[in-house]
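Once you scroll down, you'll see the structures, which are given as structure tokens.
One chain, subunit A, links the two complexes that follow: it is found with subunit B in the first and with subunit C in the second.
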Partner chain A sequence: MPGNGLPKRAAAVAIPALAFAGLAWLLGAEREWEIVTILVGFLAVLVVLDRTQPGRAVAAACRAERSVANATAVIATLVVLWTFREEHFALLMVATVALSATACVGLNIQMAFGGIANFAAAAFFTLGAYTAAVLTGHTALPHLLVLAAGGAVTSVLGLVLLLPVLRTRGHYVALVTIAFGLLLRNLLEVNDTFGGPQGMKIPAFAPFGFDFGTITSIAGIEVSFYLPYALAAAALFGMAFLAARCLELSWIGIAIDAVRTDPIAASTFGLSPARWKATAFLIGNAMIGVAGALYGMMNGFVNPNGAGFGESLTLISIVVLGGLGNLWGTVAASAVVLALPEKLQPIQEYRLLIFAAVVIAILRFRPGGLLPRPLRVLGSRDGVEA
Partner chain B sequence: MRRSLTNALIAGAALIVAALSPAEAKDTVKIAFIGPLTGGNAAAGVGGRNSSMLAVQLRNADPKAKFAYELVPFDDECKPNIGVQVATKAAADRAIVAGVTHYCSAVGIATVDTYARFKLPVVVWGAILPDITYGNDYKQIHRVNGTMINEGKLAAQFLTARGFKTFAVVHDTTDYGKGQNKYFSEYLKPAGGEIVATFPVSPDQQDFTAELTRIKELKPDMIFVGGLTPLGVRVRSQMERLGVDARMAGVSGIMTAGFLEGAGAAAEGTISFHNGAPLSKYADGQAFADAYARAGFREDPDAYGPFAYSAANLIMDAVEKVGPDRAKITAELNATKGRPSLIGEINFDDHRQNIVTANVYVAQGGKWVFWPDSEYAAGKRTIAGR
Partner chain C sequence: MDIGFLAQHLFNGLMLGVIYAMIALGFSLFFGVLDVIKFSHGDVVTLGAFAALGAIAFVGSVVPLPGLALVLGLLAAIAASMAAGMVIGGTLVLPLRNAPPVNVLLITLMAGTILREAIRLGVPNGGNPKPFPALLPDRRIEIGSFSVGIDSVTILLAGLAVVVATHHLVTRTRLGLAIRAVAQDPEVACLSGIDFRRTVLGTFALGSALAAVAGCMLGLYYREINFSMGLVLGVIGFAAAVVGGLGSLLGPILGGFLFAGVQTLVTITVPSASAYKDVAAFAVVIALIGLFPTGLISERASERV
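Here is the complex of A and B:
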């Protein structure tokens, strides 16, 4: 459609910019009316994009001009981070949202691409943090390698689960992962080598000798020590995003999709369901582990509480709320699930009630999640329609 | 007509005087309160919040106060990672000069680094893990309530002095149960007692036939339970069923109305140890209870409410003396010695831990009775004679 390119591009710039402006406002908002306005505005924009003709056209434009939209998001992220460079709490929330979104990208590869219900995501996330704690505490391994090791260990321990996961289907996979999560948590609690129920302390992330815990200024400008963490977390999300996108677009992604939708048909075409499910599971786990390792180093501690079933459900609810298989959706949903309850602190004990109402409202009116992943049409010229 | 004009003039003059008079132009000083306001421990958290709120209200009503105070409550959900988030939020807010923080030990220990890094002086009001004060040397961390060391020490000395020499310990495997076991065993040896067997159990274990059968063979004088109410109830009632001829003592975790209801008649004569004294034992206890009722709080202050009240008062005393400056308040709090308060005299040791003596309670006629007031102490009933 020549001649239509410019407005399409404008829409692809405007929508992400608007979303990040909203996020920035939410992070900076202090008064109740502001938070309520943002919340109502957010829900209104969703309704407009979903239910009206021009709204749908704009949403389609964003999808068509994906690279423009993504570039806008990268610039908007940097602008937001720089705006909040001295705000410790806002940056901590940005980093937390980015890291859980990274973990949820991994979970998306497992659940949405591979069709494996992983109810032990938080256990694997915590495992990444424990790996970081042990490696930074007992070895002099460079911290960037510690992050990679967090992913590797989580992936390898995921192998333990592989056999039962491949031999079961549907609800039974969920049960196996739930059992694994409980097992891991109990093991960490009774095992004094890993600090028992109190957990372990982790030193600050210090790649190439830059100790993130002591940074107070960059190029002479005063910044919060959470700024480098937020940048690192955003970069990690960017890498996970790229990796997941490449995976999805490649023949590996097509094989994984085929195995999920119909294992029998896929195997008649020579695709081994076991092999591709295992691939999706291990790649997803590696991402969860890396995110967990950085989260642990940022918080400075890890304990078995984080491996609980409730925490795993939180991660799954982010994936479902964001729309199974949609990577930007995980960011929006992480912001709703993690930042919103924090922002509702002024109303104290009633805040989780409002939060729950918002979640129910979203799932009532958008059962597919905030930004559901559309069905892939492999016959189209682009190869993928996502 | 003329009267209303006069009234208006008087009101106007009063307003001007009020605005000019220095007594009314107080600066507002913000103090954070952090505790679990939602979830399983909300009763304790809300009680603590109300109590410290009461302290602030009473201070604001005092015309001699130099500042107006505002309590900013935060919910840590009893989760360490949420705790670090809200601690960062409170500590990064320059308007907040000090905090009354944490009921849950896991959260309390996770947040100490945050307070030290941001140099926010805090007074812990409920968490009893010794490491919060003794595991570091941060000048910012103070604690008004006792630790499980006090409870364990008193339990060992009190029980051996009553002629119980051999003990079987049943404790849960959380940090709470493990810590209680550790300090009780540590102080039992020098006191002349002996542990014949120790049984670590999961906090939700239902059936204790195996453990109790073994205990029955060993014939200890007493079974010591380190755990929370559900564990205490199960052990006590199953002791009865299996005919184990021993007495039972438990840590503060079983000193609840739930234990008396759950164990029924079998609860009679069970001994427990708690850092708090009954409100009526404090010199100002009645005044506190009356003021609490007058302020119209719907929830009970709970066992740790008086500690939260005293912590808030301690902080406000420091602010009155040295002004709203974090460093000066820290120095002032560090030097607290012989300060009268609702919970008795507050003396901080070299780790800024208040020196508290625990109290003994006994279940008598369906109530927890302060030991010195009980019929057991008076010799009318004996623990040995069931």
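Here is the complex of A and C:
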């Protein structure tokens, strides 16, 4: 339908804008009925997009006009951040959601693309933060390099841990990651070198000499010191998103998908399953580690509690809820999973129970997740439409 | 270090080993019939222990007979765990039989989380460790410097009896024959008139009953149970099953004793580092899986390519 360009673009602007408006409302909402309304509205939009003819057309339009939709999302993020520029808590939550979403993009690359179940995501995330704590405390390394080091340490350790196991089937990797998560938390708790149960302090993030901890105004306008963190977190997520998208559309992504779906067929075409799975794991872990390092710097401290099994399960819940392999779904799920219990205090205590039940329901009845992974479109769009 | 001290630790290791072996047997049974890993198994152990605790408290408040309380507690544990295992197996594992293995892993892990959280939130003050009543006679047998409680001897002997009974059940009964047939080839088993669903559910019931007994034994041994103990037990049980060789019956028993041996060895050789006991156990899990991903005793049949 070549004459449909304008309405398509309008849809690609409207859907992200609507999603971010919902997010902004959630961040500002105080009363419980508002939050429940937002959640119900979110689910209703999902059902409409998935089950009705116009809804599916709109969703397809968003996918076709990907660049328009992504640009809208970037602008909407900036608008939301500027609206909440003085609200510490809202900005902290945006930054947390963005960093968790970054980690979940990494987890997506591991689980959805590579088919490797990583049940120690939170442990690797915390490892990134501990790396940042050690490096900023003992060396004068520039902070951007500290972030990179967080990713490097996390991915190398993960690789050393898993390389022997990647030659066999999935169960064993899962067991190794679970055991590693428990081991790391236990070790950090009993070992005093890294502060024991109290953890370590981390200085504020200061790239190029801009100390994020002391920023109180930008161009004369008063802002919360969480605003630069939220911006940095959003930028980091943007980079992770772009990287994952490029990866998915490149031959590396196709190779990784091939060894997941059929390792034997893939290896007859000369693709080594162990090698490509290791690649997916390495890239994913690097993202988790970098996100963890920035998260630690933002919080100013890190302790072993963050490495718990429950936290890893929460990250996995986000990935499954959003739809394995669907990156925008991951963002939406991060916002719902992380912000909702904070806003809706009565469910805080029951959140693991609720997430577990929801994940079971999804795996049982809709294994693709709420927003399933769309088919990759290679080649020109006109070619596909013709 | 005298002989008595060593014998004491050896004995403790044996007892722990038999408990781990019972948990690992469950993993091996489930893997045998369905080729799946049921990660909620550790939490089924916890459920059994808590069900026993509840039943014992109830019986204790009606009639003060420790023997009766113990028997009824054990029965309650077995009933609760069997029910949980069959429900998880029937509603979550069986329908996902043809789904990717990661999904089965995740769904059972989440089922385990539900059990764990339900115990934490549902049991009064469930977030804290709960004392488990000492129902076995607490006299001790002393031979020289070696002294051992009658309760420990009872647990060890009962555990061995349960393991031997399971072995007999799998090798000598009709249910066992059906389990082995389904494990070998589900389609041919169905052709020869074996009810697939019933056999699988029976296997889940059997494995979960073993888990319940293991849970009660852990409670009687440590005199304390905890809502989150299932996670670590699940990892150790699974690791023991994998290291011993998934799908075999002897393997998990071997693996269970191996793990208990490692833990006991760390406690004996580095007493100052007993805090690192679990760290060492998990490090051994990772190292062994890395070195022998298909187990020390690998499956006899080679995998279909």
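Following the convention adopted for this analysis, the second predicted complex is superposed on the first by the 349 of 386 C-alpha atoms of A that agree within 3 Å, B and C clash if a C-alpha of one lies under 4 Å from a C-alpha of the other, contacts with A are read in each partner's own complex, and residues count from 1 in each chain.
Going forward, a residue touches a chain if its C-beta (ideal position, glycine included) is under 8 Å from a C-beta of that chain, and two chains touch if they have at least 3 such contacts.
Keep in mind that this is a model prediction, so the values were computed, not measured.
Look at A:T279: by the touch rule set out above, it reaches neither subunit B nor subunit C.
By the touch criterion stated above, A:F89 is placed in contact with subunit B alone, subunit C being left untouched. When subunit A is checked against subunit B and against subunit C, the one touching more of its residues turns out to be C. Looking at the shared chain after the overlay, A:L161 reaches subunit C, while subunit B stays out of its contact range. Residue contacts after overlaying the shared chain place A:N303 against subunit B, while subunit C stays out of touching range. In the superposition on chain A, A:T136 makes contact with neither subunit B nor subunit C. By the document's definition of touching, both partners, subunit B and subunit C, reach A:V190. Once chain A of one complex is fitted onto chain A of the other, the partner contacts of A:S312 are absent, as it touches neither subunit B nor subunit C. By the touch criterion defined above, A:N70 lies against neither subunit B nor subunit C after alignment on the C-alpha atoms of chain A.
Applying the stated contact rule after C-alpha superposition, one finds that A:A117 touches subunit C and leaves subunit B untouched. In the superposition on chain A, the residues of subunit A touched by subunit B in one structure and by subunit C in the other are 186, 190, 349, 352.
In the complex of the two chains, the subunit C residues touching subunit A come out as 37, 39, 91-92, 95-96, 99-103, 105-107, 109-111, 113-114, 117-118, 121, 231-232, 235, 238-239, 242, 275-276, 278-279, 282-283, 285-286, 289-291, 293-294, 305. Residues 37-38, 42, 46, 49, 73-75, 79-81, 84-86, 88-89, 91-93, 106, 109-110, 113, 118, 129, 131, 173-175, 178, 200, 202 of subunit B touch subunit A in their complex.
Every residue of subunit A that touches subunit B in the complex is listed here, in rising order: 87-89, 92-93, 96, 186, 189-190, 196-199, 201, 224, 299-301, 303, 305-306, 342, 345, 348-349, 351-352. Contacts from subunit A toward subunit C in the complex involve residues 111, 115, 117, 119, 161, 164-165, 167-172, 174-176, 178-180, 182-183, 186-187, 190, 264, 309-310, 313, 316-317, 320, 349-350, 352-353, 356-357, 359-360, 363-364, 367.
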